[in-house]
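Can you read through this structure? Questions will come right after.
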């Protein structure tokens, strides 16, 4: 391959990649642009939209009319709460499976994964009735529990794959040095696994933040996170493009930023270690 | 590293996770199975009675079920084809060296982090709306009649929206797999005189097969339960044109209050998902050996 | 103090019996080396003593105390691992202090002991670095430092030098020997390298398939190996083992002769052609095909100008022949 064709080829690749990347990203970009326009300008033809004046008015209106902050806070509590709870349960479990593997460890891991395969709709009715009977509908605590259970298998799996990479000899060394189980996990394993635990936390916050089955079914307003809040724009408010765009931008911005940090972990977490 | 002491500790520490997941799996699922054999309507409390397989019979024999089943398969199949083909192409493209790789990567991945309700509403209103949507504006600019996507091609529109959300996932995983391809192996093949096409067919494709399988299986699990996108765009309509199985179960149990029928539908959905799950678990299980 | 007694201990993993009943006494202050080919159970034996694995049956006593069911931490032993097993997220200082912290020792005393150990091991200027910033030899020293500060009843070393390059291995070998001489604490050292065993040990335990083949001082094993396995394992290059007619003439099933004992003379009884000559300067290693005997390795001191294709004759020293019966036991 001559030098010249390589240069031409690179130019073609660059143009193609940028074009496709831009097209895929465009809906998000357009949403962000519309969020800074007035309602009247937002429905104009695309080129007129771009030349119209910029404003923050939609953001003010969204907050005034629908208490965006409440839903944002609900999303934070639900995603962070469920992830932390899942980590608390999963760290000891992953320790056991990674460092004291038994004959059934593999089966146990596969079984945990299988609970993730169960479609939510299969248990929708009893969950709804139980929530209704225990007065948990539209409460944050109920939803935190459900989101914890949904994500627990992924959390255990991710931690398991990270823990597997820590040499067992180091934990044995700690044991020889007189550390009991608590010290071993607290002073040695956890600090060593901090990057893995952080990635797990990140990915699960993202998954919980975007979860849109149970959050839509089990909340109405008090505990409603941003998924439900946005769904309320379904109609007829969806026709107010600028407000919808402002609300959407605020709903996805935090997670978009977190997500960009966690690309690598995403692959590992969502394929249960099958692709690294 | 396995003394009796540490084994006991291990069992103790793994048990909360196991017990919780066991309860989570068995209690609601058991209740669903139980409800599915009852005549049970939320509007008529206290009137529950045993009906055997009637709920299954009625659920399966209604037109809506077969429509939903076909729609579910079309939705899953359509999204899979778009994301896998697009994902392979995009991964091959992004694997080449070019300027601004990092930025393009970030742009391509972004849709995956957009919550389903947002992506559905953005597409529905800002792009597919026949009056003010982007597509309508473009059609008008060319002097064409704007097309009402969600009324006239509801399922195809939903497939497009869902595929947009999942294309980054497929791309990211296939790109990761591509990057783990042994460069020396590639160079050896080049030395052996293999053309680009031959290298693609004999080295790249076999290398990607595993990852493609994983992508297909994992996406299938998630795609079988697409819900939010349908709820905020078409509500399953017009008629049942965009109703999939999860949406049908939701409509039957929580909109029509027919708990028995909804439960029967739920169990059918579980069975369908399990067929896929078995294949996926085999794949991942094999990977555990190494 | 540091006397360790193993009484008919066994270990099996599932159906696989790794250690058949085994008895061994390690005296206080001894440097004991477990040596054997990989998979012989030497590391398992060390881990049983450490308490990192349960024994399946038998009894372990440390200083007369029954330690069979004691947790690793309660046995008062310190271990240096093959991978060093340093805590990567802690500084060298914290690594060395970790056992003391676990023992809840006052901070001032911890500091004093760490400084002291660092001085002995030449680590004083590295105390605030992370293990990742150290060379292999320095990491090895940190691992040893972490063991020293505990003032254990005995040190356990699990192939500690196998990750170092050849030159460093020699230096560290000497340092560990010197450490033993100054501390006079019991040390148990596992290796597959018979040179390490020969140079360091007071007592060598040769293991094969979980069984003890022979226990003795390095020279005892060299001079009078109890069986073929020990004869073949101890000594470098390996002892020549001859079977067939030549062995029959000496009244044994296998005749052994060490390469360094064979003499190249003008008219020895064994005549052969040199197939390969390796010139090391200090020594020359020859591979000689001897008629009716087979291929023999010969170690000739110095440079003798011997080369490939030359015919020579060898003299087996009558007083340095090893004879083994059909079961491989020394006669």
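Quick notes
Chains here go by letter, A, B and C, matching the order in which they are written, and residues are numbered from 1 within each.
Basically, contacts are C-beta pairs under 8 Å (C-beta built on N, C-alpha and C of every residue); 3 or more make two chains touch, one makes a residue touch a chain.
Keep in mind the model is a prediction, meaning the values are calculated, not measured.
Between chain B and chain C, the least number of touch steps comes to 1.
The chain with its Cα centre farthest from the Cα centre of chain A is C. Across all inter-chain contacts, the pair with the most C-beta pairs is A-B.
Located most centrally within the structure is A, per distance between chain CA means and the overall CA mean. Chain B and chain C have CA centres that are 58 Å apart. Distance between chain A and chain C, defined via averaged C-alpha coordinates, is recorded as 53 Å.
Centroids built from CA atoms put chain B at 16 Å from chain A. Among all residues of chain A, those that touch two or more other chains are 172.
Across the assembly, chain B contributes residues 1-2 that each touch 2 or more other chains. Multi-chain contact residues of chain C (touching two or more other chains): 52, 71.
In the complex of the two chains, the chain C residues touching chain B come out as 51-54, 71.
Chain contact summary for the complex, chain B toward chain C: residues 1-5.
Residues of chain A that touch chain B in their complex: 10, 13-14, 16-18, 20-22, 24-25, 27-28, 30-31, 34, 43, 45-46, 89-90, 92-93, 95-97, 99-100, 102, 106, 108-130, 149, 152-153, 156, 168, 171-172, 181, 206, 209-210, 212-213, 216-217, 226-228, 230-231, 233-234, 238-239, 241, 244-245, 248, 251-252, 255-256, 258-260, 263-264, 266-267, 270-276. Note for the complex: chain A touches chain C at residues 167, 169-170, 172-180, 183, 187-188, 191-192, 194. Contact residues on chain B toward chain A in their complex (touch as defined above): 1-2, 6-7, 9-11, 13-14, 16-18, 20-21, 24-25, 27-29, 31-32, 35, 90, 93-94, 96-101, 103-119, 121-127, 129, 131-132, 134, 137-138, 140-141, 164, 167-169, 172-173, 176-177, 180, 210-211, 214, 218, 221, 224-225, 227-228, 231-232, 245-246, 249-250, 253-254, 259, 262-263, 265-267, 269-270, 272-274, 276-277, 280-281, 283-285, 287-288.
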